[in-house]
Amino acid sequence: MSGDRLLEIRGLCVDYGHGPDAVHAVTDADVVLHRGEVLGLAGESGSGKSTLVMAATRLLRPPGVITGGAVRLYPAVGTEVDLLEADYDVLRVLRWSQVSLVLQSAMNALNPVMTIRVQLTDALAAHQPHLSRQDRHARAVELLEMVGINSDRLSSHPHELSGGMRQRVMIAMALALQPQVVIMDEPTTALDVVTQREILEELKDLRDQLGFAILFITHDLSLLIEIADAIAVMYAGRLVERAPASALFRAPRHPYTLGLLSSFPPLHGPRTPMTGIPGSPPDLRALPSGCVFHPRCRFAFDKCAVQAPPLAVVGASNDRLAACWLQLGDGPAPAELALREPDLTEPTASANGTQTSSGPTGRPAPTERPAPTGVPERAADHEEPVQQGSTA
Amino acid sequence: MALGIGTEPTAGSGAMPGGSLPGTARSRPRAVRLPRSPKILAGLAMLAFFLLWSIIGPFVAPYSPNNIGLNSPVPLPPSAAHWLGTTNIQQDVFSQLLVGGGAMLLVAVVAGVIATALSVIVGVTAGYLGGLADDLLSMLANIFLVMPALPLLVILFGFLGKSGSNDVFLIGFIISITGWAWGARVLRAQTLSLRNRDYVDSARIIGERAWRIIFAEILPNLTPIVASSFLFTVLYAVGTYSAMAFLGMVTLPPNWSWGSMLFQAATNNAELSGYWWWYIPPGLLIALLGTSLVLLNFGIDEFINPRLRAAGLSRRTGSRRQARALRSQQFALTPVLIEAAGAAATGPAPTGGSVRAGGPA
Amino acid sequence: MRVIARRLFFYAVTAAIAVTIDFFIPRLIPGNPVQAILSKIQGQLPSKATIHALDLQFGVNTTASLWSQYTHYWNNVLHGNLGVSTMSYPDSVGSLIRAALPYTLGLVGVATLISFVLGTAIGAIVAWKRGSWLDNLLPVVTFFQAAPYFFLAFVAVNLFAIKLGWFPSERASNVADFPAFTWTYISDVLYHAILPALTIVIASAAGWIVGMRNVMVTTMDEDYVLIAAAKGLSKRRVIWYAARNAILPSVSGFSLAIGFIVSGSLLTEIVFSYPGLGNLLLQAVSNNDYQLMQGLFLIITFAVLAANLIADFVYVFLDPRTRQEA
């Protein structure tokens, strides 16, 4: 089962600054990403989702400091590496060849004074020095075509491309070395809705073709419905819930997730009133006692203000976790947080039980690509989103 | 201009395209925090020292700056009677130093005030009005910016004649004419960006008058840049006045300044004969006065753009070893500081259940 | 190339304004400049021709209209006729400047280039190593940034030429007249140029260091630099990605800096008795040779404008965004 794991973040703590003034941006976070999986990491801005991932890759800028935990990467070949113990040269080899990165604004992420060609091939030159210039050029052409851009754009500079094209170039760049993981930090947030949709579709296709895993960071849960296999929700630097995507959407177990889900109109499906979450995210320098969410939680009871709930298994299947006293037998779980989970068709059928269960998109997990499981049976209350593209 | 100010202004606020002041709105409380920066404190202390020096200098000078009637054909090295020795015509160097600061500082402040006023008027007008007025005013500023000031000042002062080149206010005025353009350019850019901010827009929409918007909404936000451009002009004027004096364009006596001391030293080949006490002290004083102004300007730059501060992390906390590790960290290598005793930090992860992301084995 | 065309137009206007300033200053300032000059010239009595030339130059005792004087002045400038030097009569201002110009162009040009390259490189490294001991360099740099060039020149002469005897203390060569371009002559000129060039480099590099450091610090926060590191590129390459962008404000700030550097360098020449424009300027000032001062103002302005134009070309070459808009 460990062979399945790709990136394992354990008890990661990240501070901004050091000493008494330090702000605890991420506290004791556990995230595991499996091969070929699309894991969504959701939360409001400031919830620590980007910080968590950037720290795990050691790319977090000052004044970020990692103050605890372990981050293990299991490369396709070779032994596991603890990224927190690695030095610059070890990381250099792993970077981009194993873990690559797509950032929110490609305008800022592409070097404005260098051509697309240079930026597509520089990683090749650094990691595969045996490649000839022609080889690199051929690969660059291939990469651009993969994201649907004509290769005559190789000599362009970033400012000569449209926003959507820039983001596609960014994605092509990230795939240059066929990495195991692509981290996507709000990759479509800066784009208009139509382009956003196109790029998500392309991303799904590419994922199905190439089988890389994606760690998809976004504040927009409705995007994750399109693409994610599993979702982790963060609040105030802590993971508050994680679950298979479909289960999380249908039957959230944490009040914060519930609030998030009602803050966004789903791209598809019936209109529901947007209730949102009262109040605003807490000041990380002065966190509330007990459960950090309790001041904004309409279900909070006495214990919540006193003791912080652990992130623990909820319900029967142990792929559902929530950090909420309501779910841990201490309180009466309100009806909204006790909806029946979608039936997992074959919960123990294979090693990839959860992934086999179709998400709301009806898209099968990449490992099972040839088997289109089609429309899930319990979709009565939920309009199905488009399926083509994913079942290809 | 003789100062090696080089790209100093580029380094400052102007380097930020569109400039970003801290906070979008007037942020008063920050101004109180300003003097905490060590650069600003050092700069202020040095500047205060020079002010004091220039004001009381003439009164405490042990001798007249002119010939004091000693009989020696060569400059005398420092002694108990003459702390910094004498010049070739037996003037007391220390007394000249004490007397020589005042006029220069006065010229510099006069030039600084006039040039800053000019740059605010031109810069804010151009930035606020935009269009043709902006084009013309910007062009005017750019012309003054590229025209080399030293030879221009030489002909200006040359034709003004001796009487003109001894009038402190006239000198300050003429220097300010060649020194306002940089400030105007920076202020124009900043005004342009402020003009498009929401609160200025809303002021315009509710029908505020232009002058009110400028004085109430825009100028307060320009304060750090105005201060910075004032300091820059003062620095420029100190350098320029020293350069004019060094070229011998300021009459001696009575107009002693550190620059003219260097002029005398140069005409008498002090550096070739090793009369260090003659040229080192005045040069050092000009350099230190300039340093104090540059430091203050740095402090303001760091206030405007906090990213410029030297250390990334607070130094006062944690052990020294940690602090050093944090400060000298490499780019793209987030430091890991896991306390040995605090191993518990990794502990309370809730069981292996959380290992599973989407797919249990 | 529209950028360059626009800049060219701007420089033409600036040059025209410089000529106009040169024309009007003696006419606007009260008093009779010719009498003022004559009263100051000691020694040899000026000839009638000299006085007539001065009259023409400054618009005294003439019935010609201001406009015709102005066009006449322009005609002279365009033909390279900058008047007669009263200081070394009957030499023309043009011939004096022509003799001195190569020294200044060589010295200041090379020194500025070295200081720019060196200063921006150091600035980039100081920014990259932010938080290391290199930060302690900044106060030192601040001092050099504020110290007058001519003061540093004093110290350099005394230390390296007099005390240590490593370099000659003055002049551009040991040969009085210009001989053939032999290697001996060239190496002698280079040897004489080292110390003044070093002074200019040290005095002016400080500005580039601080400028580059500050922009680089901001640039390193850009996403594309982070991406370069995330790509696993070599450190040198990552620095290059940032520096390649951070250098742009330094190049565009060149127009401001060059004025300061030229002024400082002219004064440095004086300390070294270097036979360039700076020394000529000092002689013009001490001998009240106004025509020479005016000629120098024009020539130095033109040279600075030319340097600016070169910087503009470099900028357009370095920043693809300026190339595109045409």
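By written order: A, B and C. Residues from 1 in each chain.
Here is the rule we use: a contact is a pair of C-beta atoms (placed from the backbone, for glycine too) under 8 Å apart; a residue touches a chain by one contact, two chains touch by 3 or more.
Just so it is clear, the structure is predicted and the values come from calculations on it, not from any experiment.
Legend note: the chain whose CA centroid lies nearest the centroid of all displayed protein CA atoms is B. No other pair of chains has as many C-beta pairs in contact as B-C.
The mean-CA centres of chain B and chain C are about 22 angstrom from one another, to the nearest whole unit. The mean-CA centres of chain A and chain B are about 48 angstrom from one another, to the nearest whole unit.
Work out the mean CA point of chain A and of chain C, and you get 57 Å between them. Multi-chain contact residues of chain A (touching two or more other chains) are listed as 59, 61, 88, 91.
Residues of chain B in contact with two or more other chains: 312-313, 326, 329, 332. For chain C, the set of residues touching two or more other chains reads 221, 226, 229-230, 235. Remark: chain C residues 10-11, 13-14, 17-18, 21-22, 25-26, 29, 31, 33, 36, 119, 128-132, 135, 138, 142-152, 154-155, 157-158, 162-163, 169-170, 203-208, 210-215, 217-218, 220-221, 225-226, 229-230, 235, 238, 249-250, 252-253, 255-257, 259-264, 266-267, 270-271, 281-282, 284-286, 288, 290, 293-294, 296-297, 300-301, 304-305, 308 touch chain B in the complex.
The touching residues of chain B, when paired with chain A in their complex, are 312-314, 316-318, 322-323, 326, 329-330, 332-339, 342, 345-351, 353-361.
Those residues of chain A that touch chain C in the complex are listed here as 57, 59, 61, 88, 91-97, 99-101, 103, 105, 108-114, 122-123, 126-127, 157, 159-160, 173. Against chain C, in their complex, chain B makes its touches with residues 1-12, 14-16, 139, 142-143, 145-152, 154-156, 158-161, 182, 235, 239, 242-243, 246-249, 259, 262, 265-266, 270-272, 274, 276, 279-280, 282-284, 286-291, 293-295, 298, 301, 305, 307-308, 310-313, 326-329, 331-332.
Within the complex, the chain A residues that touch chain B are 1, 4-5, 8, 10-11, 13, 17-22, 28, 30-34, 37, 39, 54-55, 58-70, 84-85, 87-88, 91, 229-230, 232, 239, 242, 244-245, 310-313, 317-319, 321, 351-355, 365.
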